[in-house]
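When the chains are written out, they are named A, B, C, D, E and F in that same order, and each has its own residue count from 1.
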Amino acid sequence: MADLFDPAQIVVEGHTADVYFLRTREILQKVGLNPVVTMEVFPARDGILCGMREVIALLRRVLPQGSQVWALEEGEMMREKEVVLRIRAPYLSFAIYETAYLGILAQESGWASAARAVVEAARPTPVISFGARHVHPEVAARLEYAALVGGCASCATPAGARLGGIDPSGTIPHAMVLIWGDTVKAATAFDRHMPPEVQRIVLVDTFRDEVEEALRVAQALGDRLWGVRLDTPSERGGVTPDLIKEVRARLDGAGYSKVKIVVSGGVHLEKIRRFKDEGAPVDAYGVGSAISSSSPIDFTADIKAIEGVPIAKRGRIPGEIANPRLKKTIG
Amino acid sequence: MADLFDPAQIVVEGHTADVYFLRTREILQKVGLNPVVTMEVFPARDGILCGMREVIALLRRVLPQGSQVWALEEGEMMREKEVVLRIRAPYLSFAIYETAYLGILAQESGWASAARAVVEAARPTPVISFGARHVHPEVAARLEYAALVGGCASCATPAGARLGGIDPSGTIPHAMVLIWGDTVKAATAFDRHMPPEVQRIVLVDTFRDEVEEALRVAQALGDRLWGVRLDTPSERGGVTPDLIKEVRARLDGAGYSKVKIVVSGGVHLEKIRRFKDEGAPVDAYGVGSAISSSSPIDFTADIKAIEGVPIAKRGRIPGEIANPRLKKTIG
Amino acid sequence: MADLFDPAQIVVEGHTADVYFLRTREILQKVGLNPVVTMEVFPARDGILCGMREVIALLRRVLPQGSQVWALEEGEMMREKEVVLRIRAPYLSFAIYETAYLGILAQESGWASAARAVVEAARPTPVISFGARHVHPEVAARLEYAALVGGCASCATPAGARLGGIDPSGTIPHAMVLIWGDTVKAATAFDRHMPPEVQRIVLVDTFRDEVEEALRVAQALGDRLWGVRLDTPSERGGVTPDLIKEVRARLDGAGYSKVKIVVSGGVHLEKIRRFKDEGAPVDAYGVGSAISSSSPIDFTADIKAIEGVPIAKRGRIPGEIANPRLKKTIG
Amino acid sequence: MADLFDPAQIVVEGHTADVYFLRTREILQKVGLNPVVTMEVFPARDGILCGMREVIALLRRVLPQGSQVWALEEGEMMREKEVVLRIRAPYLSFAIYETAYLGILAQESGWASAARAVVEAARPTPVISFGARHVHPEVAARLEYAALVGGCASCATPAGARLGGIDPSGTIPHAMVLIWGDTVKAATAFDRHMPPEVQRIVLVDTFRDEVEEALRVAQALGDRLWGVRLDTPSERGGVTPDLIKEVRARLDGAGYSKVKIVVSGGVHLEKIRRFKDEGAPVDAYGVGSAISSSSPIDFTADIKAIEGVPIAKRGRIPGEIANPRLKKTIG
Amino acid sequence: MADLFDPAQIVVEGHTADVYFLRTREILQKVGLNPVVTMEVFPARDGILCGMREVIALLRRVLPQGSQVWALEEGEMMREKEVVLRIRAPYLSFAIYETAYLGILAQESGWASAARAVVEAARPTPVISFGARHVHPEVAARLEYAALVGGCASCATPAGARLGGIDPSGTIPHAMVLIWGDTVKAATAFDRHMPPEVQRIVLVDTFRDEVEEALRVAQALGDRLWGVRLDTPSERGGVTPDLIKEVRARLDGAGYSKVKIVVSGGVHLEKIRRFKDEGAPVDAYGVGSAISSSSPIDFTADIKAIEGVPIAKRGRIPGEIANPRLKKTIG
Amino acid sequence: MADLFDPAQIVVEGHTADVYFLRTREILQKVGLNPVVTMEVFPARDGILCGMREVIALLRRVLPQGSQVWALEEGEMMREKEVVLRIRAPYLSFAIYETAYLGILAQESGWASAARAVVEAARPTPVISFGARHVHPEVAARLEYAALVGGCASCATPAGARLGGIDPSGTIPHAMVLIWGDTVKAATAFDRHMPPEVQRIVLVDTFRDEVEEALRVAQALGDRLWGVRLDTPSERGGVTPDLIKEVRARLDGAGYSKVKIVVSGGVHLEKIRRFKDEGAPVDAYGVGSAISSSSPIDFTADIKAIEGVPIAKRGRIPGEIANPRLKKTIG
């Protein structure tokens, strides 16, 4: 597994660029033009900046000596239309990467911003990113990285965890319980064969009533059980605040007050807020589409000066827009 | 540029899998279990199926001899909860790819379904996918491929166009006009240096009034001008139906009735419908976030039989759900 | 248990009359006035007329020879402001019963009308009235009678059933299951000790998962099991269409396709419509507050003639309002 | 008229019980089971508790020596799901009364809570309960009692007033005015024949304009007139704030500033608030359907322990729920 | 009283023109420019054209020989942006009247369009325009004229009636009833002193109940009474459909079925629709602010050609817009 | 041009009076009745009083010696139903002017109140009234006068300005630019031929892009240019906050920071608030239909005493309503 922050070859070669940039480069080369251009990049709405680390890696690779780049840092809060990136460099060196750097920032900032909203709603309960299954596997690790930048406590895939510098987090899937035919048998097998540093978190809604299963699993694994996961399907009314309270009360009543409760399955912002309002004793949330279904944040790149002379297209004001938060990153 | 439909190494090696599938595989291997499992995959809402081509490529690579797969075809309409994919194979052979095949289908079907809605609203006016700049470059080509599957007439990146088996489509970016300092000069340079098969479509909102520029460009390029593109920024009120009509009337009045009008910039479903209702004479739409901002369509994979015995988790009904539309694809 | 259609002594003696009627009677007696008055009674909104049987019984008891009464029949559809009852009699004989006959019609018609709406939504699935627990026990039988008039197939209390001329309907309460400590044990005890004409309908949501319990009960009672009742509490997401389908599928899969499914617990109009739309295989509904929480239908009694001379208060038109649907009931 | 707080014979004999309780009792008797059970009762929403006095009277009559009951007091504010009644007694002694005690609490608390809302909106203007005509006469007295518990100043029926320990309140009905053919004649007859302790409140909207009648009546009765009642029908626009102000101004202008104004006729919460906002000089409100049309408050009874062992059905937490507000009432 | 369709001197002299037209005229005169200009006038929304008669009178007075004018006719339906007036004339002859002719059309078309909506809602019941009191007396006659153009059957002022070529319509004001101190006395005085061709329509809500007054007036005037007018103030609930029905029923009951009922007082579109839906027997409506409170319809005048050469400002298309409905009116 | 505050002859002669006042006058004269009447006038809603100056001029002309009038002053804030005018005079002297004085107050107060709302929203940016083209020219001057009373800084017609005691305000119309064929040529002609005290405000949206034209005009007129006017048509997206900012930035960037920006074209309340919120640098607003489209404020005149005896029609309270804000104006 190569360094995921390095730009892919297909990108560096320009295959993913909008073709008009490729054509512009070709024409400029033919006529021998390559002015130093100041390009400013800004988002269409407020959010959490994410993807800048990759963008800087891409720019370091393509910009010639003497180029200059200013940028906000990964994970910073950004405002609508705030300049988050300024590039001052010969235009031919980076013209064709506009599609790429806008795309990286757009999608990853969209995910990070959605994650931040979820994390703030759930605080202080930690949130685990479970959304890899909603996006193409080649960007799944970026989704999870963005979720971590947005404040998630952990994520589910090894590649995503590696990007974030942590260990991946997981429980037992329904599939494993189905194959063993019984939750307790599956949990016992998991407990026997997994190294001790892996938390024992057992899914308890596969076959029987959640309360019944939670108690059976707690009895079977004893102190080694870290927690149970409730993932009741919507066909069965989903996970309700009262179900969580009931599981908690029954576990406590049976002496298992150390066993934690992880909640997953359609956990969206509104649901988290309702759970909090109703005092549901959740120890961790597993969140998927609340993050993965977020829209990209549209970013725009504007030429604001050519060879030092302020210029702009109609609708924009010529010249650089001062932003004291920007830091010199290259040059 | 390798075949983009082939699974990436990082996926095949399982780095992008949810870790609990990796652990389940490890435990099953340790206890020597590998039952033949029937897995069914269905979407959470109606839409256009996309990504199946990649999924089948992945399964072909990992499933052992004797496995069976049934699937709907790329681009088919699918219904909420309809089974679109059924895998009958030894579980260990495909357990860890659940995250990947769900993710491919989820994101690409989300994009294709949004594209279909846009294409239907615009029909018979063709739609060009311009959304690569909103997504990570490593999936930009899939976005454009999905847009083509959804019905778009063309797209902007070479990689995307290659996936769809067409040539990419493009105009002249604002950047090029800014560097030449004048729309007509930029258009003339483009016209001189591009091969004849590239359509001359000139952006006319960079410096001056769109009507004025359209007439100047038409005069400069004569019959070689295929069309003009209106991309008026929101700061200037965006592209309105009346602006399109006015440009059309002025071009016609000056004898340029063959010059087409391409409209881009925040072109969403509602805008397209309004343009149609008001009779705006648009010859093609360039659409970005109306497609790229769509959410993935959540897909679920359920084990419905183990060694031929119907089974299911709570909330699902055991056994295969018949779907006469499925076609045997592997085995 | 006396005849519930007969007026109670407290009513006949006037203790439940608005005191101003008692005072009016006293004054009229003192001054020796007792004109023949024509009184017309009409509802404030459309609905199902109920309570007329009791009202006629009351009037028969108090009106002197020569009095005349016209009325619509029990259970008829009535229109807003339609005259449903006309009394022509010496005023002193019935003046103090205005509060009583308006109240009987108001509350019972309110219930019957609500029941009709529920029954029409559920048709052809039968509806059982379970709402006695929401009203004072001295009118519980009337609530159930009104529900039957409105179209319910049966009800839960012996007194209500007697008013409607049917046998009461019931299952096994949660309390009995809790005392036996197990659903199957409770069901078996019920089966052993109840006469054969009592239907075996077993509640299956007390301790374990509904599907699991339904299968255990079916196995235990065999052909003697008439049906199971789903009453999943809202804390557990309530009864969902998918739960009903799942129970049905599992019972069918195990060969118990003759076992019926009764659904109760917060079954309101909207829920019934949704269940129908989604094709939930319900065999009977138990409905409580959808009927018992309905508001009374306000009825008004207006003097329209005195000694044959048309008269009315402001806002009303003097003289009788012809209604060919009225039938001569007394006199 | 017997004590209305005593349970009716039909209730004590179990005819109004849901039949499954009767069957449970029969089976338990056959198998010789009669455990001591702890039952807790709680409401589904916030409100004013009413009916507890009757419930305690019922329980005192049926529970054996040694039983224990804890309860909130009549008229207390209660919270959603707060335990308002706890019974610890041999189950057979009270099993069949669950329908009855829930029903008493449900309907009377519903009325009392609605009355409270009206009284608070009208405060400091007193509210008189006029709703007997909307409910069955056998519960009319309970409706009025509940209205008094909710804060009404008086009510209209002798039976209701007796339950509340006050004298009933009344005016002159439209019928009496119609029979005399003139408001002043009717008022004069009333004045001549009623004992002096009965307040002279004359209805002034029967034949002529309210202002004209109010002045005529004031002139006729002089200091003996306590007040006038405005009950203008909706056909004539109902009672408006301006009408009340006009009547007040005209009475004051003619020297009758001591004559009070009672307003009735469709007086709902919103109307009271609007009257207050607009400064309408109302001295008392007569309120009917704003109280009588309220829905019952659903109460639930849950077994929480059997022979001292905590137990509960799914969705509820086993064992007693502490409520320091409960008072030992029996035992 | 001069001809109200003739332009006032203050207008002809240009005092009411926007000053920039006066300045433009001055500059053109100084530089000796006076091109033949084609001006087109169109409305901003659909409506009934009104004021064209005055506009043509103004243009006839100011345009030189050889000028040409095309126009739609007074009272025609016009569409949003449809050309309703085209002037082809030396610019200096009419430049300063743009403010005037736009204003005449704007305000009168606004009124006529509102009148049309009211008339269509009330059809076949006739509508009388009563709105003079809401506008400045110098345009009151135009308001009423526009109301007649919109379809009203008559109006209240002599000047307005004269513009419309009819006789004015009126009843008896509240003031006259107050001065006589009694409705019947005022009606009798009116009857005695007015010529026979004036309809006897008596206002019946001044002092006493409307029903009582209507009957008294009918008795007093006999066959000479044409109708009664209900104008109950909002303080008394306004005129309701039931009040109209009651007055009708009482008049009919007393043998006065020939007496008509005129309704006024806050009669708006919605009220008319409700009265119609509820079958209120209205013989004529008096309508004020439903017409007078309407907004002007904004009209725009665009130069579309100068000396025959098509031209236009940005946002408009150069050259005349064909409209076959236009008729040559001048030249 | 006569004094516009003097009543027109057509009004004084009664041609614009509701005919029933004329008839009442005739009857009163015939029977020899002419009581001293106290009339009170009040508005139906809050607003700015306007037109009182004209009303007093009318009353001074018609009331006999010994009459008394109290009034609020022009431009004062008035409350719903507050008495703003009290007339105590022989009824025949002013009976027929009720239509006129109500109409003057209604329409002018409606305009002044709308102007006040606009002025307050725009504060401290001044507002110029441009609405003469939406109303009949015979009241155009009153509209503008009312706008000035409401707080506008200036207006566009000489007659309106004269009523307000100021000079009219104007720019260059589109027509003039079209005739010269170029904005700069038109501006130069204006500059050459207008006296120096007329502000040079040039419309910059006629032919080319607003930014381009603004810079060209600034260059051509130098220090003599007071400001530019933006009036971009809705067909082109209207004037947006960003366009204003861009024009400001470009003018400043080119050294023309003294050139002001006037904004017109569909400037309504909400638009002004949005412009302010977004910090658009507007120096003056030209406002038309936001003022001219306002509805009249309905005024009512009630007789409250006849020969000193309090009286009123139903719905109103007899006698004068004290208002300490009233000032003795006549008598």
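Going forward, contacts are C-beta pairs under 8 Å (C-beta built on N, C-alpha and C of every residue); 3 or more make two chains touch, one makes a residue touch a chain.
Keep in mind that this is a model prediction, so the values were computed, not measured.
S.K.: Angle of the rotation mapping subunit D onto its copy subunit F, from a C-alpha fit, rounded to a multiple of 5 degrees, please.
M.R.: It is a rotation of 120 degrees, to the nearest 5.
S.K.: Centre-to-centre on C-alpha atoms, which chain is most distant from subunit E?
M.R.: It is A.
S.K.: Would you mind pulling out the distance in Å between where the CA atoms of subunit A average out and where those of subunit E do?
M.R.: Going by mean C-alpha positions, subunit A sits 65 Å from subunit E.
S.K.: Once you find the CA centre of subunit A and the CA centre of subunit F, what distance in Å lies between them?
M.R.: Those two chain centres are 58 Å apart.
S.K.: Between subunit C and subunit D, what's the gap in Å when you average each chain's C-alpha atoms?
M.R.: 21
S.K.: Measuring centre to centre with CA averages, how many angstrom lie between subunit A and subunit C?
M.R.: The computed centroid separation for subunit A versus subunit C comes out at 57 Å.
S.K.: Could you tell me which residues belong to subunit F and also touch two or more other chains?
M.R.: If we look for residues of subunit F contacting two or more partner chains, we find 207-209, 232, 234-236, 242-243, 246, 314-316.
S.K.: What's the complete list of touching chain pairs for this entry?
M.R.: Going through each pair of chains, those in contact are A-B, A-C, A-D, A-F, B-C, B-E, B-F, C-D, C-E, D-E, D-F, E-F.
S.K.: Using the touch rule from the top, collect the residues of subunit A that touch subunit B in their complex.
M.R.: Against subunit B, subunit A makes touches at 1, 7-8, 10-11, 13-24, 26-28, 30-31, 33, 35, 37, 51, 91, 95, 98-100, 102-104, 106-108, 130, 132-142, 156-162, 168-179, 181, 189-190, 193-194, 198, 205-208, 232-236, 288-289, 292-296, 298-299, 303, 306, 311-316.
S.K.: Which residues of subunit A touch subunit C once you look at their complex with the stated criterion?
M.R.: Residues 207-209, 212, 232, 234-238, 240, 242-243, 246 of subunit A touch subunit C in their complex.
S.K.: List the residues on subunit A that touch subunit F in their complex, please.
M.R.: It comes out as residues 310, 314-319.
S.K.: Taking the touch rule as given, give the residues of subunit A at its contact with subunit D in the complex, in rising order.
M.R.: 209, 211, 242-243, 245-246, 249-250, 253
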